[in-house]
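Next up: the structures, one after another.
Here chain A shows up in two complexes: once beside chain B, once beside chain C.
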Partner chain A sequence: MAITSIKNLKEFSTNNDRFEGAHTLCPGCAHSMIVRELMNCTDDNLVVSSNTGCLEVSTAVYPFTSWDTSWIHIGFENAATSVSAAQVMHKVRKKKGTLKDNDAPVKFVAFGGDGSTYDIGFQWLSGAFERQHDFTYICLDNENYANTGGQRSSATPIGATTSTSVAGTHSYGKKEKKKDIVSIMAAHGAPYVAQLSPNKWKMMAKGFQKALEAEGPCFINTVSPCCTEWKFEPKDTIAITDLAVDSLMFPMYEIIDGHELNILYRPKNILKVEDYLGAQGRYKHLFKPEYKHIIEKIQSDIDEDWARLQRREEARV
Partner chain B sequence: MQDLKLKAAEKRGAHQLGGDNLVGWDEVTQGIVLTSFDGDATGVSHKKAEERNYSDFNSYTATVASWRVMKPVFNIDVCIDCQNCWVWCPDSSILSRDKQMLGIDYDHCKGCEVCVEVCPTNPKSLLMFSEYEDLGNALASWPEKKKKEKK
Partner chain C sequence: MAVEFEVNEREVWDGNYAASQALRQADVDVVVAYPITPSTPIVENYGAYVGNGYIDGEFIMVESEHAAMSGCIGASAAGGRVSTATSSQGFALMVEVLYQASGMRLPIVLNVVNRALAAPLNVRGDHADMYLGRDSGWLQMSAFNAQEAYDLALCAFKIAENHSVRLPMMVHQDGFITSHTAQNVYPLSNEAAKKFVGVMNPVDDMLDFSRPVTYGAQTEEDWHFEHKAKQHKAIMDSASVIDSVFAEFKELTGREYNRVETYDMEDAEVCVIGLGSTVESARVAAKEMRKEGVKAGVVAMRVFRPFPYEEVREALKGCKSIAVTDRSSPGGAMGAFYNEVAAAMMTSQSRPLVTNYIYGLGGRDLSIENIKTIFREQQANADAGYITTDIQQFTNLRGPKLGFFKTERN
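Our next item is the complex of A and B:
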């Protein structure tokens, strides 16, 4: 596989973008940062499939496409299914020798938002992982159904206000905890599963390259701040991911073969979760005195998760 | 059955919209294919944007310049070519060739200001100005180097 150099940013920047501008994602959306980075990680031909979501509707506004690679979209839930079908077809045609260029390396990638990964497309994703297709699934986790107006998804963290879990006098927003999708996907025995963040571009690029190189299904959950629904200024996208990673709301780690957990980034000064919550409009209500216990609960959950991750890293189970 | 269908169509106003010529479910054109390039697209990852043969369907040929209220202006004298703006630009609008930052693609820039935020130089080599500000005026009014504040 022809991976590109990610030694430093200057070398990385010599890659030629295969994801074009003039898509209609919001200004400052992190989706396109992640997609661009993935497509610059390799020189190989790519077959990309997208679930319905912000990324799909904004990059394929008829009569335009923003993709310089093969790109498929079928339904809300089946990016994993369609890309695995394409992968099998490629395998068969390669065997028969009916491809235009039989030796050209091809990588298969699927993109999904958190709604189509955690909820609607989960069954299809799980099936594709069980069938051991050789593809990489990337979840662009913006913690709500941003495409349809910011409804709650099972990726929405506790305490966040969304258009279907509105905070007010009787409610503090969503009441349930976020699903631990990374552990669920690692339990499928996938060769490479990771949680990454675009502010650490090198770690993310390394993770993408590992996933593309690995044989078998790989899953990567990436934090993708949504300036529209998280309610912050578009220019702060990278600053928010910094806070998310440094407050351990999104710890960066990888799980190899379902058991070998490595923590990729340990913040030097771990920030209080208030810094992360306070930077976004969707958590504004939590700073009222009556909802103070929710912030304490979020903080204790994070501490528990971090301790659990460290124990898992040591124990290798 | 057929009558029922037509009545329902009338109710929805499909009649006025040319609903009489409705096609069956198995006659509808299934899906659509848009080609990103005219002709052969082999080895596109090794070609720079100016060497590629974009088709009219490629969004590279479209523009979102009208979304912008403020525009980033690039000052080449201050730039250290760190490429932070290139890696984090969500709209592929930073023109970077041979490890050097050359400028901004104003056809695709939406003015999100991410590039200004991630710029590490002092003063910043990218700053936001009004969309109608003259480029020369903007560069003339560039701020001086700030002294570090003592903690």
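Our next item is the complex of A and C:
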């Protein structure tokens, strides 16, 4: 495939730009950065699908569209299915010679938020991966149903307050740990699965390129800070992702063929999770004396998860 | 190149097999499907044609009917010919995405082998699934036997893909009675069928990158109404294309189809109107009633959407009393089909008596004798000049007679 060379951010950001800056995402939303990274990292034609969510409602409000490539949205749950069936149609039409340009390389990409990926669309996603379609699925993980007013999803971390896991005098917010979607998707035997963050933009672009290049279904979970629901200043989006990856709340790693785990980023100075939590309004209540033990639990979970990732990297299983 | 599948001038096919042969001859590019009784053989057979090289398409067996229709939408937007099949609960699971397919104006052909909706669970035929889809923006045709399931599936591609229509279309047949009963079927030759259906010419092709397209945009109060109105107009306007495709098919095969079919209606005073395999029973019953001196006729719905109000009114205008047969639980109202026919007759000069018979739920038989009783009741109504029974009655139900709504009389 035609890979775009990645030299510097200024050059990369203007390359082959097929996602228009005119959209209605919140100022400071990381979604558009991640989408543009994908759109700019290849010169191949793209068929993009989106599940219902912030990205979808903000980029295709009739009579406008932000997509300067083929784009389809059906419902909340089925972006993986629509784009993978389009990929099969491409295969058939290429064989029959009925395409407008039979030789042009095409890549198929689906975007979903964490609600549509971890929850309502999980069956469709899992089905498309089991069928081994050649496409890349990118989860824009902002850890809540931001499009509908910030309800908890199964990607919401323990201790976060959301509109349906409200912290108060009798609750510290969400009670359950975040679902480990990356392991679940790797367990499908996918050729390439990764967790990436937009602050490490070169690493993200390279990860996207690996996924687009690999034959078969690839999954990338991306950290997409939501200033509206995480409650931080729009200017701080990338600073928040710095804290997320340096505290190892979001470790960056890839899993190849379901078993070969490589850690992609090892912070020189691992930050305490308080630094990450304290930068966001959604965790503010955890700093009250009665909920301090939850911060300790989050820190011990992170430490255990990091140790486990390193063991898996070493063991290659 | 696909291996030639030989068909004889006369075959013995059931409705499912007939529909799957239409899919093969129409050279469907992609079938995305999930199996459900009694429609399963249609997609199984397509998969077997792919597996044996009889067709250059792809069969995607997905993990649910919702995904099946979602995949059909993605594949159809990618500019090729797409079809699938379903029944009952599977149809119900598809409903969300049926609206998306029609709203995006994608010419998908869905073979619906009608079956009851649970609870209680039931695999036999009634029309509950068909009526569930009546507001989904799809065109709907009804086949009464295996030959028609084949013929109408071929016609459906030609209608749906016509550039002035661009709407998805369902072809209905009755579960088991039609889908699993082997009958004589006279197929077209492969070449003739291919020529009749023609080449798919996509309108907004996602794989044409010289002209990027956005499918599934959002519209709120500023534009949604205009989109839905335009869609409704397209459905209403499809009638003329349906007529011309039927005319072309008649020229090719001699087999005539009309949006509203009429049997023995020239001088009929009483009539049964229905759809599906029941039509054939009603025709036999009407002939027997004529021997008893009752001027009985049958009207059948070939096309349910767009609903041919004017043609129904024209077909029924000479009747004094009409029995509208609904094979679906009405759920606290008159039957869905009754409401359509009654609305059509409300605007007629003659304002005949219109009664509603609920029958055959969950595959319960409707015998010739049952239909003759219905005709006799219509004759009694015609003689009296008013509806002598409850307006809505349940036919061939165990236990005491069940009926609802009395006519208003001075």
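Quick notes on this one:
One rule holds for everything that comes next: the second predicted complex is superposed on the first by the 311 of 317 C-alpha atoms of A that agree within 3 Å, B and C clash if a C-alpha of one lies under 4 Å from a C-alpha of the other, contacts with A are read in each partner's own complex, and residues count from 1 in each chain.
By our rule, a residue touches a chain if its C-beta (ideal position, glycine included) is under 8 Å from a C-beta of that chain, and two chains touch if they have at least 3 such contacts.
No experiment lies behind these values; they were computed from the predicted model shown.
With both structures placed on the common chain, the touch criterion links A:23 to chain B but leaves chain C unconnected. In the superposed pair of complexes, A:101 makes contact with chain B and with chain C alike. Of the two partner chains placed around the shared chain by superposition, chain B is the only one that A:11 touches, whereas chain C remains out of contact.
Residue contacts after overlaying the shared chain place A:65 against chain B and chain C alike. When the two structures are aligned on the shared chain, A:239 is found in touch with chain B, with no touch to chain C.
Within the superposed three-chain model, A:37 lies in touch with chain B and out of touch with chain C [touch as defined at top]. Residues common to the contacts of chain A with chain B and with chain C across the two structures: 45, 60-63, 65, 67-69, 101.
Residues 29-30, 32, 56-58, 60, 62-64, 66-67, 70-80, 82, 96-97, 100, 205-210, 212-220, 223, 227 of chain C touch chain A in their complex.
Across the interface of their complex, chain A is touched by residues 32, 34, 36-37, 41-42, 44-49, 52, 56-64, 67, 81-84, 86-93, 96, 98-99, 105, 107-114, 116-118 of chain B. For chain A in complex with chain C, the touching residues are 45, 47, 49, 56-57, 60-63, 65, 67-75, 77-78, 81-86, 88-93, 95-96, 98-101, 104, 106, 123-124, 126-127, 130-131. Chain A makes touch with chain B in their complex at residues 9-25, 27-33, 36-37, 42-45, 59-69, 101, 198, 201, 233-239.
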